[in-house]
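Heads up, there are several structures right after this.
Both complexes below contain chain A, partnered by chain B and then by chain C.
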Partner chain A sequence: MIKKSSNIFSGQIISNIILAVFSLFCILPLVLVFSISLSDERSIASSGYSLIPENFTWFAYEYVMNSADSLFRAYGVTIFVTVVGTVLSVIVTALLSYPLSRSELRFRRPVLFYVFFTMLFNGGLVPWYILITQYLHMKDQIFVLIVPYLVSAWNVLLMRNFFRTIPESIMESARIDGAGEWRIFFKIVSPLSLPSFATIALLNSIAYWNDWWLGLLFIENRNLFPLQLLLQSVLSNLDALAAFSAARNIVVELPGETARMALCILAIGPIIIAYPFLQRYFVKGLSVGAVKE
Partner chain B sequence: MNKGSRVEVSSHSRIGKKIKSVLPSRNEWKSQRAFYTMMIPGIVLLFVFNYIPMFGVILAFKDFNLSKGILGSDWAGFKNFEFFFSSQDAVRITFNTIYYNGIFIVSGLLIAIIFSLLLNDIKNRHLSGFYKSAMFLPFLMSWVVAGYISYALFNVDLGIINQFLNALGFNSVNWYSDAEKWRYILPIANLWKTVGYLSVIFIAGLAGIDHSYYEAAEMEGAGKIRQALSISIPMLTPIIVTLFLLQLGKIFYADFGLFYNLPRESGLLFSTTDVIDTYVFRALRTMGDIGMSSAIGLYQSVVGFTLVVLSNWIVRKFNNENALF
Partner chain C sequence: MKKRRSIRSKWVSLALVGAFSITALLSGCGADKQNTPSPTSDPNAATSESPDSLAPVELSYYYVAPPQKNQQAIEDALNVITKEKINATVKLNALDFGNYEQKMTVMIASGEKFDLAFTASWFNNYFANAAKGAFLPLDDLMDQYAPLTKSGVPAKIWEAARVNGNIYGVINYQTMAAGQGISVQKELADKYNFDWKSVTKQSDLEVYLEAVKNGEPNKVPLEYSTASDLFNLNMHGFDGIGDAKSPGVISLVDSDLKVVNQYESEEYKGFITMLHDWYEKGYLRKDAATVKDVSSDRKVAKYAAVMPAGLDYDSTSPYDAQGKLKSITSVEWYDKLITKPIVTTSLASATLTAISKTSENPERAMMFIELLNSDPEVSNLLNYGIEDVNYKKVGENKIEQIKDSGYDPVVPWVFGNNMIVWQNQNEEQNMTTVWDELNKTADVSPILGFTFDVEPVKSEIAQTQAVIDQYLAALSSGTADPEKVLPEFVAKLKTAGSEKIIAEKQKQLDAWRQVNGK
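Let's turn to the complex of A and B:
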């Protein structure tokens, strides 16, 4: 017994070192961004970035908050897209996957294949892009940031797996009591599936919050920039940041490097705050998805 | 255990079918109608955003003219393809896409398996909880944020890595113009983002393994490594194969966010950072060459599709249970 535990301990030192090093590798880059955002612009210009803030100051945050209307507008766009997108996508996904989980659905196999096939083949970026811009005329419409992501085959299959764990006898007895399928879905199946709805909702809300791809393709109007797209445009072009202050006639020297990083921290802030909660549900959702059946 | 429950469900449905044939068909028709009404929004969205673009692949054979529309534009035959395949770019972006994805798949799975085994073995719950949280965090960050990080690391004058090199007496490296370096930077960035997520999946798989196997092995005198090789890895094989297949099926599709945001579209780096997806994007947005970009897109889709079907067929030949479909 004693020998065994000492064996485990000696093995664990190496495991702990490996895991601790990798954990630091994952976190330190974010710490670096945070510390740059808290540094003084001039000391950065003279001695470069550092992991510990040099001449600690909140000035970059003050600057970003005061001068960047676009930041608040982008926050608004992203929150709207995330909330509306998440709610709609959960509803549409649940309504599509529930019948597919029921064995009495006629043509279940063809419909399932219809969903699954979209994972195997697609027409490519260009036809999709032309459809949305030239035929659906969704360019510079806020809904273009939502609609293309509403249904994903992967989420449908995931949720279908959840629904299949509900015993059919429950639905069967409700039917015998005279309940219609809609009623069964809303009154019986949905309350039982709340954990799975929450999982899909979280997966989708992170996807919407972090998305810049749809914005990059379809949004040119700066008033409709989502947060991540604003972030991206500021990184590729510091002038985008300067443009805010020019408009407001701010005389202060532009704290370019630090303000940029402050903007980045403000964009990931909500995710970091919600992280303990997010992590728990994500882990649950991911494991159900991959370890299915 | 799961198999048992599946059998149970299917026997249920058999009974269900028997009952159904007794029930008045009007009732059944009503519930079928309800089911199909539920599915309409999803089916329509998939049709519009996934199926209609599939027909759009004819763009690859057209000389697209906006005023004439897709169907009205003149046919171009294989001109769009010829133009692309006769250029140096075709080889480069195809190679880069497969090269990086190959490295990503192997390194990601390998390291995640090792880490999940290590994590599973850590007795101190607080420590293992901390490691898991730290490793999983990057997965929730967007590639744009990763772009900020890489900028803070690799910036030539201010970046932390050059400062470090200077402190050790080395010269600064021009990271954003030295293409070769990105062959290493990109795989490391990919590990940063995905290892935590993959480990979480494997840990869930490990949690499902019956403890008596390990107890029996310990009684036989098997060490930790032996147990990992003879119990954990074989038990994880179905998950490993599933993840491997899912990623292999996408080996022709690069992670656009990574290749777009980290090298920051620096032309000097294209030899090692340009992949099919960034190339198509640039052809579409910067050059506006619709014909060629949709030709490359079709090339990507067709090869990608062939690869999924082929790899699934191979797995099916060896072990039916592990196949995806």
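Let's turn to the complex of A and C:
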């Protein structure tokens, strides 16, 4: 008896140690990135990276803040796009995939195939660009950062499979009690589907947060630059500036590696908070959506 | 079950048809858009036309520059001038270095409307864009609306911008000749009494490298990275055709313009034999063949010598720039030229401004180009900003920039002819006449203006490139023994199609000579 509990105890210690080492592996690189961003460029070049900055300096952050005058506006743009985009995309995805999960819907299969088809074939970059700039006239508007990602075929299929796991008898009983389609969807189905909503919300919020591609293609007004595009532009201009200052014989102090790491820290930003809140749904949502009756 | 499947397959085919027709429709639209505006080269619309008789238009101008806080103020000031002179406003679209190429590719492919764009042999590829019809041919427009622009650049240099006989981009005139040489750290050269002035070939560096190797344990004598191959074609009397590493070059002194494989040349063999010797003696990093990026090493001035160094002047002349390496490494350097500066196609086509095929006002765009190239007011506004806000005038053609004033794009080569750009506080002397003289007197590559179309030998180019990637770094860094590896390299190149590439280069070059009478 005693032996057994001590076994459990030592087993716990061992698994704790393993997990502790594993989490160290996850945390240390991040700490290292943070430390490099606070180091002096020259000390890195001469003595390599270290966990504690050799010569502590805010220079990299100062440089990034100064060269990206609109950093806070870019944060605002990205937060707006992420919040509005995530909410809208979950609503739109749900409103498309819910009917597709109901067997009563006429032309369900063709519509489903139409959704599925876009996963296999698409028009490619140039027709897409023409559509958005010349037909929808969305160039240089903030909604161009949201609309193209509203519906993803993959998410629709994922959510549809989830809806299919809700027993039809629940909806039938609601209908017997006099509920209409809208009430069934919002009062019965939605609360049952929170895990799948959270999964889609997490996937989309990260996609919106990390996106710079839409901004690169469609945004020219720097006031509407999303955060990631602005940071990317700071970085590419940093490299170019270094080269051109050299060509024009100007001796300038520019951060290289340290600025890269400072950008990395700035880019992670508040999105990291989204994980702990949504993660508990995440595993459930993915696995539940995968099971088919 | 069977019935269901047939229904499904019907839907599949329907959807496919639908998708194809949509694609066809979209691409059709794109093509249409590209073709609509045609330049009306009406001979009566001469330059003498007064601005009042011109209808007001807006031009959009895309170029590459770091973002500037005061951009809007500069654009407003520019539009006051352009409104008065050519009754046009110009929308300045300065894009980042990381975005420009991608964005222009999509804009050109989708036929989006714009008027002017920066283009170059190395960025937003001028030759490829001109060949596929993205830009307007400019010869007539330039003769009519931009005579000063045309006369501002020596005739021989215009040749570099010709594609199939037409000029598709206006050359932004700047230094266009470069020689090859070596650079050594001043402090070390003085310390070991190295007579850098008498260096006339690369092997003369050896005494210096040896001294550094023995006396400076913290330094590496010679820089090497896979990003820049040490075997420089111009240094060894060749000029490249297409990509400098692809097999097939011509000798600068050969009047027959015979295309030869540089990797089979005596020069190459001699060079890598010397480097192998140097590598064995420890003048290069042990892992030289895998070093991709030397920027952090350069920051701490780890390398005692750099070769080949592209130079216009060396430290024996009063014009040496002195700063190129100094600003990166923070130490002083001596530069020494080994070969005389020459003008090559890639140098002369390094910076151009083109007018888009989709431009609705190509005449006005050309008038703006004329202002950019001949009006110091316009040119310096774009380069330095507004007087007393962004700079102070300290002499007739001399200014002092105000620090952190919100406008300093550092890209004079984007904005037209550099002859009319004022001298700033970083330049010790006014160099414009010096480099203009150098451009005019420098020798010209015998194949200036010839561009190689890789399309017929595309797969051979890709295959030889794979072989080059495999062998070149090992050979040029001296790591591999040339006696054993060079024959293997040459043989593999042949299997990959190097002879076909060389024959194709020769064929195109001969055709070009016939047309141009060279």
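Quick notes on this structure:
Operating definition for what follows: the second predicted complex is superposed on the first by the 190 of 293 C-alpha atoms of A that agree within 3 Å, B and C clash if a C-alpha of one lies under 4 Å from a C-alpha of the other, contacts with A are read in each partner's own complex, and residues count from 1 in each chain.
Here is the rule we use: a contact is a pair of C-beta atoms (placed from the backbone, for glycine too) under 8 Å apart; a residue touches a chain by one contact, two chains touch by 3 or more.
Note that this is a predicted model, so its numbers are computed, not measured.
When both complexes are overlaid on chain A, the residue A:L125 reaches chain B and chain C alike. With both structures placed on the common chain, the touch criterion links A:R102 to chain B but leaves chain C unconnected.
Of the two partner chains placed around the shared chain by superposition, neither chain B nor chain C is touched by A:V31.
Using the contact criterion defined above for the overlaid structures, shared-chain residue A:V151 touches chain B, although it does not reach chain C.
When both complexes are overlaid on chain A, the residue A:R164 reaches chain B alone and has no touch with chain C. When the two structures are aligned on the shared chain, A:V87 is found in touch with neither chain B nor chain C. When the two complexes are overlaid, the chain among chain B and chain C that reaches more residues of chain A is B.
Of the two partner chains, chain C is the only one touched by A:E220; chain B is not. By the touch criterion stated above, A:S236 is placed in contact with chain B and with chain C alike.
By the touch criterion defined above, A:P110 reaches chain C but does not reach chain B. When the two complexes are laid over each other on chain A, chain A has residues 44-45, 114, 121, 123, 125-127, 129-131, 134, 217, 232, 235-236, 257 in contact with both chain B and chain C. Residues 8, 11-12, 15-16, 18-20, 22-27, 29-30, 32-33, 36, 44-45, 48-51, 92-93, 95-96, 98-100, 102-106, 111, 114-116, 118, 120-131, 134, 136, 147-148, 150-151, 153, 156, 164, 167-169, 172, 175, 180-182, 185, 206, 210-213, 217, 228, 231-232, 235-236, 257, 260-261, 264, 267-268, 271, 275-276, 278-279, 282-283, 286-287, 290-291, 293 of chain A are the ones that touch chain B when the two sit in their complex.
Put simply, chain C touches chain A in their complex at residues 8, 11-12, 15, 19, 22-23, 26-27, 29-30, 33, 66-67, 69, 93, 95-99, 102-103, 106, 109-112, 295-297, 299-300, 321-328, 330, 410-411, 426-427.
Remark: chain A residues 41-42, 44-46, 67, 69, 109-110, 113-114, 117, 121, 123, 125-127, 129-131, 133-134, 216-217, 220, 222, 229, 232-233, 235-237, 239-242, 244-252, 256-257 touch chain C in the complex. Of all residues in chain B, only 2, 6, 9-10, 12-13, 16-17, 19-20, 28, 30-32, 34-36, 38-39, 41-43, 45-46, 48-57, 59, 66, 70, 115, 118-119, 121-123, 127-128, 130-138, 140-142, 144-145, 147-149, 151-153, 155, 157-160, 162-163, 192, 195-197, 200-201, 203-205, 208, 224, 239, 242-243, 249, 256-257, 261, 264-265, 277, 280-281, 284-285, 290, 293-294, 296-298, 300-301, 304-305, 308-309, 325 touch chain A in the complex they form.
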